[in-house]
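Scrolling down, you'll hit the structures one after another.
Shared between the two complexes below is chain A, which pairs with chain B and chain C, respectively.
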Partner chain A sequence: MTIASASTSPEGARWGSVRPTGGGVGIRLLVGSKRLLRSRRLVLGLVVLAFFVLVALVGPHLVGDPNAFVGPSMAGPSARFWLGTTMPGQNIFYQLVDSTSGTLEVGFVAGAIATLVSVVIGIGGGFVGGYVDEALALFSNVILVIPGLPLIIVVASYVRSGGLLPTILIISFTSWAGYARVLRGQTLSIRNRDYVLAARVAGEKAWRIVFVEILPSELAIIVSNFIFMVVFAILTQSTLAFLGIGDISTLTWGNMLNVANNDEALTSGAWWWFVPPGLCIALVGTALALINFGLDEVLNPRLRVYKAPKGRP
Partner chain B sequence: MRYIARKLGFYLVAAWAAITLNFFLPRLIPGNPVEILMSRLDQSGSPPAGEAHRLSLLLGLGGGNIAAQYWHYVDALAHLNLGISVTDFPVPVSQVIASTLPWTLVLVGTATVISFVVGITLGAIAGWKRGSWIDSVIPSTTFLTALPYFWLALLLLYLLAFVYHVFPLNGGYSPDLTPGWTWAFLGSAIYHSVLPALTIVIASIGGWLLGMRNMTVTTLSEDYVVAAEAKGLSPRRIMIGYAARNAVMPSITGFAISIGFVVSGSVAMEYVFSYPGIGYELLQAVNNEDYALAQGIFLVITLAVLGANLIVDLLYGFIDPRTRQSR
Partner chain C sequence: MTGPALEVRRLTVDFAQRSGPRLRAVDDVSLALRSGKTLALVGESGSGKSTIVRALGRLMKPSAGEILLGGKVSTLHRSDVREYRRHVQLVFQDPFASLNPAHTVAHHLARPLLLHGRATRHDVTGKVDELLRSVNLVPAGDVARMYPHELSGGQRQRVAIARALAPAPDVLLADEPVSMLDVSIRLEILNLLDDLKSQRDLAMLYVTHDLATARHFSSEIIVMYRGEIVERGPSDEVILHPAHPYTQLLASAAPMPGATRASLAAARGTRQKARAARDAERREVTVDAGCKFRRRCLHAMPECSTRPCDVETAPGHTARCWLYVKAAPPDADVAAPTRRG
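Coming up: the complex of A and B.
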């Protein structure tokens, strides 16, 4: 639960205490690069993610038309149709491969936009301070407590234009707030540290202080937030698509599940139709979560399991 | 007390923001929502006279400038004139909400509390006995939190209702019973709610477990825990009174924030199980272009989430004395 309130929280203290003043995450990544590859979680996560990115890039060129009606209705897996067919007789394996890029695109683009917004509002507000900061913090907190999915559903009922872009925009708009809050708390605690004050006294420009002194020391949190937001965006897009909201012309894993559910795949026992797309979403999500935990393991010494202090059960 | 006043003030601002957001939503549509809604109402039957006028006031599209429109809109809300539902014609929207909200509140509320309590307890134990078998189970919960919730629910539904007939396939109660305070109906409702509740618990418990485990590990290296050990207090007392009590704070903040996500999850849950709650109703409203109902439900869900957040925040001020002092 990283969303604890600013400087009084144990969470803030935890981040604060492991972060050497000035150093920045880059240096520690270099120093810890051996450990980086020794983290099995991180390596496993990277391998799985790389596999899916590869499938997204080259997969669609290797398989046939995913929308063509090529086989019998709802046939089980066979040598000809590896994952069986849909109700109208489309090749499910082709659909699965073709959906990869759309799903990843929503995840990474929405994650990037949300990260950018949270950095601008969180670090910007925390650095500028005063009424601007108070107003931005209030805005973040309001966005945070308004439940996202119902809002998305209602907005989607009004905006029915095509493409994945509306989905991407609305997911990023509703998901940045929690992380902006974390970044603001962190910035508030960093901006008064000696090295930042020294930079001010030395007459450095504001943008330089933000980009050279503050931003690098929050990079670990930002990267971690980005990864979580990619997972969140993928899950939200899948949920929306499954519920039949938003664009249904682009093939994604969520859309496959929506069609499967509408065509009674469940009550026909066609598990080969609704199991693989969900499994792919779960695998991508797990890979990203593993990368995050792996990075945390490397960067946060307190979470390392096998070096527990002696004398404690 | 200043803390309470501050919190009340914040939630008033949040509620105002939600109401205002709701006011601007109908302007997103290219056409005229009132006309679309009226034509749909005409298809369903004969709407009462003056309904078009009331709807335009409610959707913030009445006469006058934007300030007057806003005023009429707030006025309609204050009198609970939420319009007539197309989906359940001719029942008023407020009545549709009143009949579906309890289903969601009871089921989702119970499941969330169970998940929180069990997750926190297991997390504290895992953090305390770091490196033991329970700690080694934790990474597998990563997989659980990365699962799309609705898919997990689909799988469990397939296994436990379709393949093995342990639980019913859908609905909130047996269709041959009429809702009422009878034992037969209550029993049927509980029987229908076990599987949905189970899916919510399984999907959400991993997050609590991991957060609590990490916070416990962090708390254990604090000086006051070492001091408690040096004093020779029993491990049990240190674990509950010193480590867990302090480690649970971020989870309680997280609980307040998770309420919103819980409501969001319940929409998917109710869709999978065709459960007669407010989320399922919202989806039907959206699919039927039933704008009055969709907006009414959005507003009620939002206000319910804000209320729940307020309660958790006030409890937090009660549990953690520091929040009362520092502000």
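Coming up: the complex of A and C.
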């Protein structure tokens, strides 16, 4: 409804009946969707990401078995095998499509868990204050100084079964602490602002103050954290898989790189084996980074570029 | 005459400091707010005015003293605080900080209405508009849909006042309600507060730096210095015949439009000296027995190293100063003198 009316009368949409009296953030995002789409970076990032998500959802049903030995060994791209074949003769294009869902799953699930933990510990500790805050801050600091990758390597090398879940849990466990600190600092600053005190004077309950008065101000940080954590999780999973750590039975782009490396694709010049997964990782990372910068451009008034509306004198 | 709507007895607030002893921000302050009357609280920054407001707004735990709401002691129990918030509301100093940038005006007013059962989900929009009209924000329907950043400082402060009025309180605490506003709209806001006070029979506490508006809008003035009440009395009395040297200093610090360049320069010199003295004094936080003002006082006497008591200089007008104690007591023994006329 919002978008439809926005396309016919933009001013009416911004100031007219669409403006909600309740003031929900979601509705405001919808109202602002026209503004969101003005950032080219954001649109480009969203399009690329949407493409990969679509491939992850639909792709596996359209392609054949990625593990079947169907062709000659190390054949280059051809009409039959679009991206050539592996050493044992598997179709690389099938593998690439099939890997998409696993890779994105690790990224988004690990990102979501880490965001949730950082929000609970950061905002919770910052709001409650006192000994609870001290304890939670100490805990985050301890996690923060544990060197992440070595820990992941040690733990992941013990856990070699169970699919992607152990990897997801390890990545989210090691990555939330920095963002929890950021959110704690922000919460400590917002907690004593006058509008939060005013909500207390009005008689609001603590949980409402956290979710309705404090959280909306931190939403931009949380979204940005989430996106960065997704990128971090995808890169970490690829790193681990490339090093051959963790469960390598599930297909991901990192696992493809690992196998390609083991079978000496690089030395034998089989670029069609290692370039596509590497490129996909880079593309998803770039898309997420573009979304992040684009959102920043839209949400941060200082980065907003004024563009004259078309068709007006 | 009925009892005060809100009364504070011997309120003391201490702050823990990173090092050294606790800082006594409010020291043994008693005051009473009566329905339909405004009490002005005057003093320099750091004198404890805002701390009193925060303690009275139940945002801060006092170290000692009790707060009486309608003659009954109000405790920090959850149910008591809830009841207290229905009767006592706060207007903050900075309207740019006291409204949440993420929410509409309607949200700010609807929440207290719903929380205190002044409105139901069905009639809340009408009640919000009614509140907005009562603070002269029209057209109410349009203003309700706006976000704080779309409003001017004066409009924001009106919204903040409307929010404070939402639970239909008996007592309104206004913490320097106009100091962040443009000079041209200060009077409008003060007049609005004054009208609301008469219409709703509110008991109002008006915290300010500004002696002129304190005199104009209040019936009684309390002057604070470093957490203590140094002078109190009917507003005309206190402003026209300031008794305590600190009040005299405050009165002379207010700029006059008719002053000449030379007198302004002289006044600036005095102010700078006073500020240096104040900064030096703030560094030493020990609360000794004597008058806290004696280091800056023009009339400092040997007696000032012992604690003065409140002396009545005119009916209802008291000052905490040795100057008005007719017969100075012997140096060491502080037999608290009785009030003299």
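Keep in mind that, in the parts below, the second predicted complex is superposed on the first by the 270 of 313 C-alpha atoms of A that agree within 3 Å, B and C clash if a C-alpha of one lies under 4 Å from a C-alpha of the other, contacts with A are read in each partner's own complex, and residues count from 1 in each chain.
What we mean here is this: a residue touches a chain if its C-beta (ideal position, glycine included) is under 8 Å from a C-beta of that chain, and two chains touch if they have at least 3 such contacts.
Being a predicted model, the structure only gives us computed values, none of them experimental.
Contact comparison for chain A: of chain B and chain C, B touches the greater number of residues.
Touch criterion met: A:Ala198 reaches chain C, while chain B stays clear of it.
By the document's definition of touching, of the two partners only chain B reaches A:Thr239; chain C does not. In the superposition on chain A, A:Pro216 makes contact with chain C only, while chain B stays out of contact range.
Legend: residue contacts after superposition of the two complexes on their common chain; A:Ile121 is shown touching neither chain B nor chain C. Across the interface of their complex, chain B is touched by residues 1-5, 8-11, 14, 41, 138, 141-142, 144-151, 153-159, 178, 231, 235, 238-239, 242-245, 254, 257, 261, 266-267, 269, 271, 274-275, 277-278, 281-282, 284-286, 288-290, 293, 302-303, 305-306, 308-309, 312-313 of chain A. Only residues 19-23, 25, 193-204, 212-213, 216-217 of chain A touch chain C when the two sit together in their complex.
Note for the complex: chain B touches chain A at residues 10-11, 13-14, 17-18, 21, 25-26, 28-29, 33, 128-131, 135, 139, 142-143, 145-152, 154-155, 157-158, 162-163, 169, 207, 211, 214-215, 217-221, 235, 246-247, 249-251, 253-254, 257, 260-261, 263-265, 267-268, 271-272, 279, 282-283, 285-287, 289, 291, 294-295, 297-298, 301-302, 305-306, 309, 322-323, 326.
Taken together, the chain C residues at the contact with chain A in this complex read 57-59, 82, 85-86, 89-90, 92-94, 97-104, 106-107, 110-112, 115-116, 125, 128, 144-145, 147, 160, 163, 166-167.
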